[in-house]
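Below, each structure is written out as structure tokens.
Shared between the two complexes below is chain A, which pairs with chain B and chain C, respectively.
And then the complex of A and B:
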């Protein structure tokens, strides 16, 4: 103890010493603006003390630098007294005067005071006076004064001393913003300056010339052509040229076979002796549009050399560039993997993180385990923000290689248990959520890891999220009972918010697993006397619901309704209830359940689309679901869940006095997506648009429902009793009309639906075409009363034919292990044949076209064709109506004349389904 | 890379002490004009870089859409910042020009105390290094000469110096080189 105190004592003494050192040595200790302004009076002395004036100016500049500001009068005062210092012949003082004039930046009416002094310096014999006077004058000048000094500036551009020339050129760069015309007149001089022997002058002249011509594309292109052949040695100037070149390249439309313009120049720059130029050229090549792997090769090799440089900045730049390549062309940088693995242990954590995320992008399946081992060492000693980047990269990797989910999810759950802030934990939990949603096999282990995590989770938000997920996903797992313990523990141990979430989750197990219901009820009874209102309310509600369920044993589809509703629907129905008449009790039966809704919505998440897949399919379906009124009609619930929703086009033919206008089929999706929804709007036009009809096809296990959504857009008319009569005009007899639901009244400005329902023979896959006639009663509105007239007249219009297509029977699904699934289907139900597609631009185009036609989900990233390959195989997976799996292997080949041939092999549980795939192909 | 400016544009050049307080700074970025923003930037930059060792080779860090190269010498920290699509090596050359010319002018004694005592020289280095975001000069020898107004005294250019003056200047240069 004694020793300790002595050490402490001596330390504090030392500390005080240091403090007093500081006080003694810092020339700005206790500096105060008022005092310094007082001191500045020495500028007015008749006998100037140059050294002292310099010190005072430094103090003033110090104050500016620390963020102190001068008031207007203070600034004026300082400025006026500073101008007196031009009398002094001391060059160092003069240099400080230049600096402070720029800093104080006098107002335009004060500038005139120094102009003459500065003009005199501009004509001085001393180069440094000239250059500085130019810079000061240009930085404080206005457009009027510029005319007076222009002649000098023009001359200065070609001054033999680099400092003067640079000063004029850089000032020119700034002046462009004030008066571009004057600077443009110097073009000849600037051109001459480009050929100067001094590197900085070259650089500045080049920048200025480019800036002047920037808006003129042709001039830039000409300049670039001239520059690439000139002999400019300054590295900075060469970097600029590379930038201009890549700008020109990006603006030229690439032609198919011709080599990219200027590529030779860029490649030549890779052999420059300055690293700066090499690196700039490599970056330019990487950023070329649609760069091929052959073009990338030389750039990758120089970057690979940089990876093992001793300079951290160089290593960082190289790994950052390689990371960028890996986003689009992971195959091109696999050669660098070994070098990058060394960088994982780099001192600079930015470099290490970039190296890891790059490796995660380029790594192949076999290297994942090794990589994970290295990362787990590294991850513990970096900051959270880097960890989040790593977690996101792992998530993408996992979606790319679903087989490896075990290793990767294990890794994620390990780091989940380590120390970390909220953002980091949330990133991990989000990633696990995403993996669970997209990889069915990962669901069980993922949920187990998450439920272990909430045992010891300090973040209420995350616990609630996880409990919600357990509630929605847990009941469908093989062994739901094991999660109940985890969830109930939360009820016992946590705060109110988490307890409430836990109770909701428990109740879902009770609702969906009849076997567990009594046990869940027992647990819920215990919560009825919770201290928190919300928890108690939830417990009471769920106990009620579950008791009712166990009494009636209602079938499974209704039990969904007990626990969850689509929130948007619930909100809007409640809202309309409150705004309308509230006499009758509110009925919840019109609100559709969320699980029904979400089944189609959660397809592939956005992350997958980043990894190169396309998520727009799920978005389309959910959007057409949103538009559909089918689900709000309870009648259809007996048909079971919807297999697939397809939009079909229907169009109304012109009739007597109605003018006709129809828009072309609007592709709701981007051209490259696998599944296209065509939807055309049909508009009657008299003087305005009268009504609008869209058709949506809903496929059920044994029914087909055509929904016609109608909107009345004219106020002077009421359309009532709307129905559509459909007649099959093409196709074999496999549908029998069941019933029609007519729409009482076509709402104004909103959509109402009428339905035509067909019974479908199960196991028959046929296409059909229907003619459709819209029948309705039309009533005019009496403009005097605003009421519709009593008597209406019946009317009908022929709509465009509606198709039921073969592809409507297939729905894309994602599977994790194609090979395993393929082998599990018997060879007997295999069907294969060859097709000749004809001339295509490349395999990628052919692959996209076939995916478009079949409308199934490409698996394991096989929809991306490596550049320049002559053959490719794409794996597709889907589900046929009746929930039977369909797997398709397509092999593409390309001959010298760009003719594409393909072989399609389909397997499924039944031979006729495999044949369906071929029917789809041969039909299109 | 969308908006390729005509030449590299520097956002700021900073000289902070070992506690992250500013010694001499210069901002060229019009998005960061208020002192509050500047101080916040300096603070977060300091916190991000303090744990790394940039004593031997200059280091680099990326944050908030900026790329920053930096170097620590004794108890002063040098930083150069630009947009994150910039070429790191160009920034490095600016940073090198910065600390090398400060080191030249302070005769190798780069520490907070001497920097403050010669703050005028450091401010002039900043002025000669970058002008309104445009790189003006990166050669430390050239910058040091321009800062000390070599050849400007008595209105006679270098070539017209008297023999004695030339000797004196040469002697000074030699002794400086020896000291370094």
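And then the complex of A and C:
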């Protein structure tokens, strides 16, 4: 029976469908502008057919809404014939007339012709005419005419008919733009309308009242205070009040202890009987600035109720709001996890996706496996854009719980193999890239997944990207050989672009893994006859390079493996052996091996890049480090061996190679003199300004190295044996001059460096000022021969003074959890003090200034001061020389006269380091 | 029948419509912005009147409402002799338009109750009505205030009702 009836039912439905297919035509089918304009002539008939006119107007309106436009003449013609329709008393036709006037609305000097008719309608007895006439009139009126109709509008605001009253109020909103003063005069009437019993009127009146006062913050605040106490029943109006309230809250500066203004009101709205109001209030609470979890609590509980509502819109709104909370306060919404897990199977996919992504944010490490299982069930039937959201959430989760990378990367690679568009696949690949980059353990499995993926990847772009990554990351893995098969398969099977990428990737394995080189070469030889030019070119180039590399190896395999030594070190040690005493036999063991050297360099750059995380300071530092000749100049080896000599004398322990930080380059010659050098060298030969010198201070654990970079700017001159003698002119005795490395010859137009090395007493943080004198031998070039003269003369030139600053002892570092780090440092090594900074434009300026002075890294985004704040805390973190952590809390306050006061509390492992921070502040 | 009431501002067009439709004469009227549409039934004849605004900005739109009317009624302030030349120019300009070719014209010298109001003959001369050929032209001096000659006008109008 049941089956039968179902079949019957479906049949009848089918039948009806077929029937309607036959008879159903869109009433708007085949409407064509020209024809309709012809038809519009019926408006001019002396005997009007109201029904026909209505139909024609409907067609005209349809055309307008479909994006058809009328020419100026057409619009004018239609408009004037429409005005003739005012003679008809048919109210339906009149309604259409109002609509079409607003729609075609020709130029203002023509549209004015209907003014009188509209004014008549505005005072008519028919409410329908009155409300519509008000709306049309206000949309066509100009400032001059407004004066004439204002009286009627004002009256209409308090009309007992709600439609008329609303029409007047909404018109008021539009008129504010034309003539705000006139609308402001209605405030008594508007106030009366707010108390109307009709919800729509209430809502419109409220909007208008707020709009009028919008520009006056104080008035808005007053209005809101008054409204929260009044008895507004319209849910829409209540929602508006909530919005105004949150606006006022966001503009008030929060005082530390006082409760947030209006919070009670918002909390009260959560108990409103209208769901719309409840939701609006919850949203307002969520969006409060620096909302506490206690404040969130009531909002979260109503949202939790909504989660199990039968209305999809409420479920969606709730899960969306909770998702938003989860971004900042994931802990506050963990209570809702169970409800959200039910939503994963929600019919509405938007709700399900939001639920999943929220759960991924709030979930703890233990629930990940379970979640992943649930997601994999549902992920196949959602759309790509939702999948992308899920993928991004998983990426974030993986970075949050690195231990779970295996599960998460597995999941990603599974969905990577499923159906999906380019954007989706790209999102997954990007996520895996990001995970590989940030979680070292995930690198091997990640690369394996990716290389399996390219076996069957339809997107050339992604394949090339993955091949590139395999090329750059693969050789460093424990078993590079396994990737070669995957890569070479691409060369055999894919299109030219991928083949080319694969060859580049292969060659990287060949270059970096000597053991695989011959095998890679064999593979590359096969590519030399590829049909594509680019592929062939790349193959040829890499074959050449790799062959050269392997030849090199064979040549040197029987000798001392020269390449294993740092060539520069070797050269300089030989040099010093020859020039020094040759009594003892030369030992190569003094020369560092290349790998050792690169390790040191690696170490240095690693530390620099560690400091360089998102920090502009450190970028400066690393760039000044790169600019420094410490590494690049051949002198580095001399410099290195000098340290070696020292270390053999055990005055510097090897540990102290470790470099702390380098200052930014400071120019020691005035920029102006450089120009002058170019203009007239004779003058400067006599005053001995021959070169351009900049200084970089390199701070080591127990040494300070001043590097002077010099450039000869005069062609007719040779400068030799350059050194700088430094003398401390300010500061206590904590440095002892160790040695000086002179520069043999100042290069012309290029930089050469001379160094002065001081031993530093560890644990002493002092500043110092040095006077510097550049000493050199100057030889003139004989213009006839172009050769420098034999005899030169010694000369010297006083440089600007060089400072060793207190900030040089500090380096910015980023830490993820300031509070944890802070608590781990003992209170005993805390040092705090108050400072008066004086007048500033705002707190942001003061904060930036202090950050600049201390030179530490602002943490957790606290360097940004919210607008209008009167107080702010900034957290700074840094490392002091000796690798001891320094943490600084700064509290800023702004008084009425814009005077800024600040309290600085510093903690570190040692009290004297905390004091260093205060010394920096008080010195500047 | 359908009439178009034309004339410079403050001539008395709206007052004429009011009087014809049986209303009271009101001393201070507000200027008509645009047009008024009025329908009355007089002597079993239904009259549709397009009462146009007389201000300059509306004058180029008069023609649009004269198309297809039974007669054009041109109302003139007979006491405002200064504006006779302007009134004449506007009238003749309108009569040139093809839309009103052959349409009968009734010229009304309104405000005849005023002391210095011109009489019909003066109006005919000042308006150079004799030059308007190809249509029936008639001229009366009326007063909307005292209802003087209004009935004569209606008589003339009902004669032309089709």
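Just so it is clear, the second predicted complex is superposed on the first by the 523 of 924 C-alpha atoms of A that agree within 3 Å, B and C clash if a C-alpha of one lies under 4 Å from a C-alpha of the other, contacts with A are read in each partner's own complex, and residues count from 1 in each chain.
Rule of thumb we're sticking to: a residue touches a chain if its C-beta (ideal position, glycine included) is under 8 Å from a C-beta of that chain, and two chains touch if they have at least 3 such contacts.
All values reported here derive from a predicted model rather than from experimental measurement.
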First, second, both or neither for A:120, with chain B first and chain C second: second
Partner chain in contact with A:44 - chain B first, chain C second, else both or neither: second
Partner chain in contact with A:83 - chain B first, chain C second, else both or neither: second
Which partner reaches more residues of chain A (counting touched residues only), chain B or chain C: B
A:144 touches, of chain B and chain C: first, second, both or neither? neither
Chain B versus chain C as contact partner of A:350, first or second or both or neither: first
Where chain A meets both chain C and chain B, residue numbers: none
Of all residues in chain B, those that touch chain A in their complex: 1, 4, 6-8, 22, 24-25, 35, 38-39, 52-53, 57-62, 69, 87-93, 113, 116-117, 119-120, 123-124, 127, 131-132, 134-139, 146-149, 151-155, 157
Partner chain C, residues of chain A touching it in the complex: 44, 46, 80, 83-84, 86-87, 109-110, 112-117, 119-120, 145, 148
Complex contacts: residues of chain A adjacent to chain B: 25-28, 54-55, 57-58, 61-62, 65-67, 89, 91-92, 94-96, 99, 102, 124-129, 135, 139, 163, 166, 170-171, 173-174, 200, 203-204, 206-208, 210-211, 214, 235-236, 239-240, 243-244, 246-247, 275-276, 279-280, 283, 287, 310-314, 316-317, 320, 347-350
Touching residues (chain side chain C, partner chain A) in the complex: 2, 30, 32-37, 39, 48, 53, 57-58, 61, 64-65, 67-68
